[in-house]
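What follows is a pair of complexes built around chain A, which joins chain B in one and chain C in the other.
Right after this comes the complex of A and B.
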């Protein structure tokens, strides 16, 4: 018994050290960003490097909001990214429902076509999408920022794979009780798929929050810029305002952190809520 | 309903015959560089009722991605801020300006003629330069005084510069804690022309590669030696990792810095005294500086070409140039033959910037230039900057390839 215990604690320690290294590797750059956001311009690249500035400048955060329309940019990002997230969850879950529970001719072939769309890099579709959005007259509008992302083949794939794990007995039971597809989708599949829906929502939110290329190309006025695009204007042709850029990054990372923390708690807990206790 | 239609008829009657025109105008700039653009647009709109300027600002880092995507889609702003003009002209993205210039008597002769060369392609002018990225020597006065060295002046040549840089370099524990000087990687060609060398026989229509000739080799070796023998100048890689000319000069990690007027803003925050001197002369007394700066061009797809030209001729005319020259982050005017523009240039040490602008010399600007640099010249130069081989070997090894590429075009 004792030997077993020491062996186990050695394994624990090794795991602990590995996790610690991983945690430091992830938190290090974040700490450096936070520290730099309080430094005066001349201290950013001093050697030897100093984490804590001798002359902290909390005013950098005030300057950030004075030099850039940050409040507007955060609002734009929230509007755009929240809409995309909601739309993706609705559209992808419906498509995934069709691919999992409806039987129709050519279903598998169509699904393969969807999977192929996953493999096309976004740079390839950039110009055609741009031409389309321009012809619709959607340049510099929320519509132009949101609607091209209302659907994601990754989301369909993710949800379909999850839906297939839902016990067919549940679907059949609902059918026997007289449920049509709408009711099965709303009251059986969606509640059971909460963890997958949550994962898709977090994924969509984070990746769209960081999306740079599309908002850059389709917005032309500062009033429509998202946070990431607005922040990039601190990188000039000849110089970069590092302290402000880092302060901006800290501000921009806030909403993502909040969504992630909230999402983790409410959605991942859904993983343990089972339907068939004894199976 | 009747009231509304009556009202709209009245409005239609009240506005001049010229229908409302919109000209879209795209430019880049960090927050400090934007006020002159905003002022220009406001003043033009005030002077031209019925014309709306649709402003499309993008940061430098994203500007080109957006512009290229828009142009590829057959769209894009009517008037746009642009560099690498020949490659855009060769693609047909820019409309030639000569006919507009002649028809409207635009004072093109008041521009620095050398500065116009990088903005032309195939004998036609495709954009009008806003400014010239004239280089000057910034120096930390406190560091010179502490080292008991005399300050740089207009009689300095290469020897004085490299001696001072060596004397100012401080190393501790195998690491250089202060370099004598920091320079920018894309300006190595200035040293070549200061030594009487050149990259090609003709910078616009090159037929022969001249960088392998002794005058050019000597200049490249001079830079390489400051980096690797004297260790008085950081290699370009190290400089960029340490924040470039802005950060290294500001933080006292370099006592001199050769860069353009865009630095005036950040250097104003320095906690030491600094001043500006002209670039040193070459060993034979030759002076040279860069030519080139961004310009304003006309989109060949512009809907209303005349309205677009009218706006372009305003921002690139004397009034527009004066606004840029007098901004808080001043641009060294390219229209330096106009007295009003000249007198409105309000930068500190303005006379040094203006006289150095006259030394501007074009080294290379043609559509294939960017590719030639990336494929051959830059990799060879990097070997010299890293101290791996000497300049003659590095450049000699690519001469045939560059000649062959030139013959192809």
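Right after this comes the complex of A and C.
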């Protein structure tokens, strides 16, 4: 028995060290990016590479915000991503309410149609959506960046899973009290579903902040670019200015990492809940 | 009104109200575009002149397009390399963490960070790491005595492995988190029974953990394959499909034809191929899952 215990603890130590090596591999590039972003240009091309600069310079960050349109890009991303997040929470929770608590014909069929939409790769609808948005005159507008993402099948699915765990007695009691559906939705269901709404909000924020292809093709002027698109055009302009590109990457990734680290529990639980209902 | 309610159910009025925003957005931005993509794939359309109907021309051209052949081969290699790697490493990390090792929260966040990172930023960072003259990776390789360091992104041989490495780096945490949740759903009493039988660690893994985990494995497999087929941003930043189309993949090819060459019909035909592949994989997996997926109810 004792031997088994020591064997287990040795195995645990070996695994712990292996996991640490893995964590170094997943997080190391972040540290290297941060270090490079503060290096003066000349130092980047020294051999062997130094991890910490002997003479750290904040100049790249100053350039990004003062001479390059990064501040404007962050503002655009915040407007677009926050709008999408709010809209998704509203639109998806309303639809999920109908699918969970209302009785009407074709409910299951419609739900299946929404689920099937999850199987459509976004690249399939990309070209028709681009042509349509272009015909609407929505190129270089917030509308064009926001509205195509205001609804998400995944969001409906995730919220419905959660709504179904709310005791139906509560809903029935509210109905007997003469509550209208919009009141039950606003004052009973939404407050009870806060964890799921939070998970959807964080998920929408992170995935939309990182969304690239759609804002790439629907923005033509630098004033309307989102952060990620601005970062990719920096690559075209300053292809060998690695410290500047690394500073840009830090700026593009920072807000999402903060949101994720603050809300990682609900993000991951939302993600796994959404996926496990999926089978 | 009463008649409508009798036919469509008593809550039809409220249902219309609650579903209206979703229905409008879904119809405009998903349902109509899916149908439209299908029709556009039978046209030639450069957006400057009106589209012309050409029947199956785009599809026959795809069949005879040597670059498309290469694109499909590259995509297949990418999927076949990334999916087992990210699932295998993700499963190993999840099994290790599930033993109750200290620092579980730390490792979970550390492994998941790449998955929430913008792929564009990640691709830039790795382009720098893979830089053949000044990058950290080649510096490390020559430090441990490798003489002929690969030229990575500039080499037709090594560019694809580099893209594969970054993709695995980014997705391993996602697989791990899903596996970990699956492991934590396995009923503890199954292990209690195994402990009574004095079953070894390996036999518990083989006879309890892996079979009970198979629904999760199945799910991770489906989404990993579908996700891998859609690789785009890594290619866009790291190699721009080069050198000599060595890293051109299906979604990049769709982008290239649609938004660089303005061949909307041709790009849509390639997109329909992607759609067909995704549907086929989903269908094959759902019809074969009974053979190896064990659902515990």
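Quick notes
In the analysis below, the second predicted complex is superposed on the first by the 214 of 279 C-alpha atoms of A that agree within 3 Å, B and C clash if a C-alpha of one lies under 4 Å from a C-alpha of the other, contacts with A are read in each partner's own complex, and residues count from 1 in each chain.
To be clear about the criterion, contacts are C-beta pairs under 8 Å (C-beta built on N, C-alpha and C of every residue); 3 or more make two chains touch, one makes a residue touch a chain.
Treat the numbers as computed from the prediction; the structure is a model and nothing was measured.
Legend: residue contacts after superposition of the two complexes on their common chain; A:241 is shown touching chain B, with no touch to chain C. Of the two partner chains placed by the overlay, only chain C lies in contact with A:32; chain B stays clear of it.
In the superposed model, A:213 lies in contact with both chain B and chain C. Look at A:114: by the touch rule set out above, it reaches chain C but stays clear of chain B. Of the two partner chains placed by the overlay, only chain B lies in contact with A:67; chain C stays clear of it. Using the contact criterion defined above for the overlaid structures, shared-chain residue A:232 touches chain B and also reaches chain C.
Shared-chain residue A:103: touches chain C; no touch with chain B. Once chain A of one complex is fitted onto chain A of the other, the partner contacts of A:222 are limited to chain B, with no touch recorded for chain C. In the superposition on chain A, A:42 contacts chain B only, with no contact to chain C. Measured by the number of chain A residues touched, the leading partner among chain B and chain C is C.
Of the residues of chain A, those at positions 44-45, 47, 126-127, 130-131, 134, 212-213, 217, 232, 235, 242 touch chain B in one of the two structures and chain C in the other.
For chain A in complex with chain C, the residues that touch the partner chain are 12, 15-16, 18-19, 22-23, 25-27, 29-30, 32-33, 36, 44-45, 47-49, 90-92, 94-95, 97-98, 102-107, 110, 114, 117, 119-132, 134, 147-148, 150-151, 153, 156, 181-182, 185, 206, 209-210, 212-213, 217, 228, 231-232, 235, 242, 245-246, 248-249, 252-253, 256-257, 260-261, 264, 267-268, 271-272, 275-276, 278-279. On chain C, the positions that touch chain A within their shared complex are 7-12, 14-15, 17-19, 21-22, 25-26, 28-34, 36-37, 40, 47, 89, 93, 96-97, 99, 101-103, 106-114, 116-122, 124-126, 128-129, 131, 133-134, 136, 139, 143, 169, 172-173, 177-178, 181-182, 185, 215-216, 218-219, 223, 226, 229-230, 232-233, 236-237, 251, 254-255, 258-259, 264, 267-268, 271-272, 274-275, 278-279, 282.
Put simply, chain B touches chain A in their complex at residues 24, 26, 28-31, 33, 54-62, 65-66, 69-70, 72-75, 175, 177, 242-244, 246-248, 250-253, 259-260, 262-263, 266, 269-271.
Across the interface of their complex, chain B is touched by residues 41-47, 67-68, 126-127, 130-131, 134, 212-213, 216-217, 220-222, 229, 232-242 of chain A.
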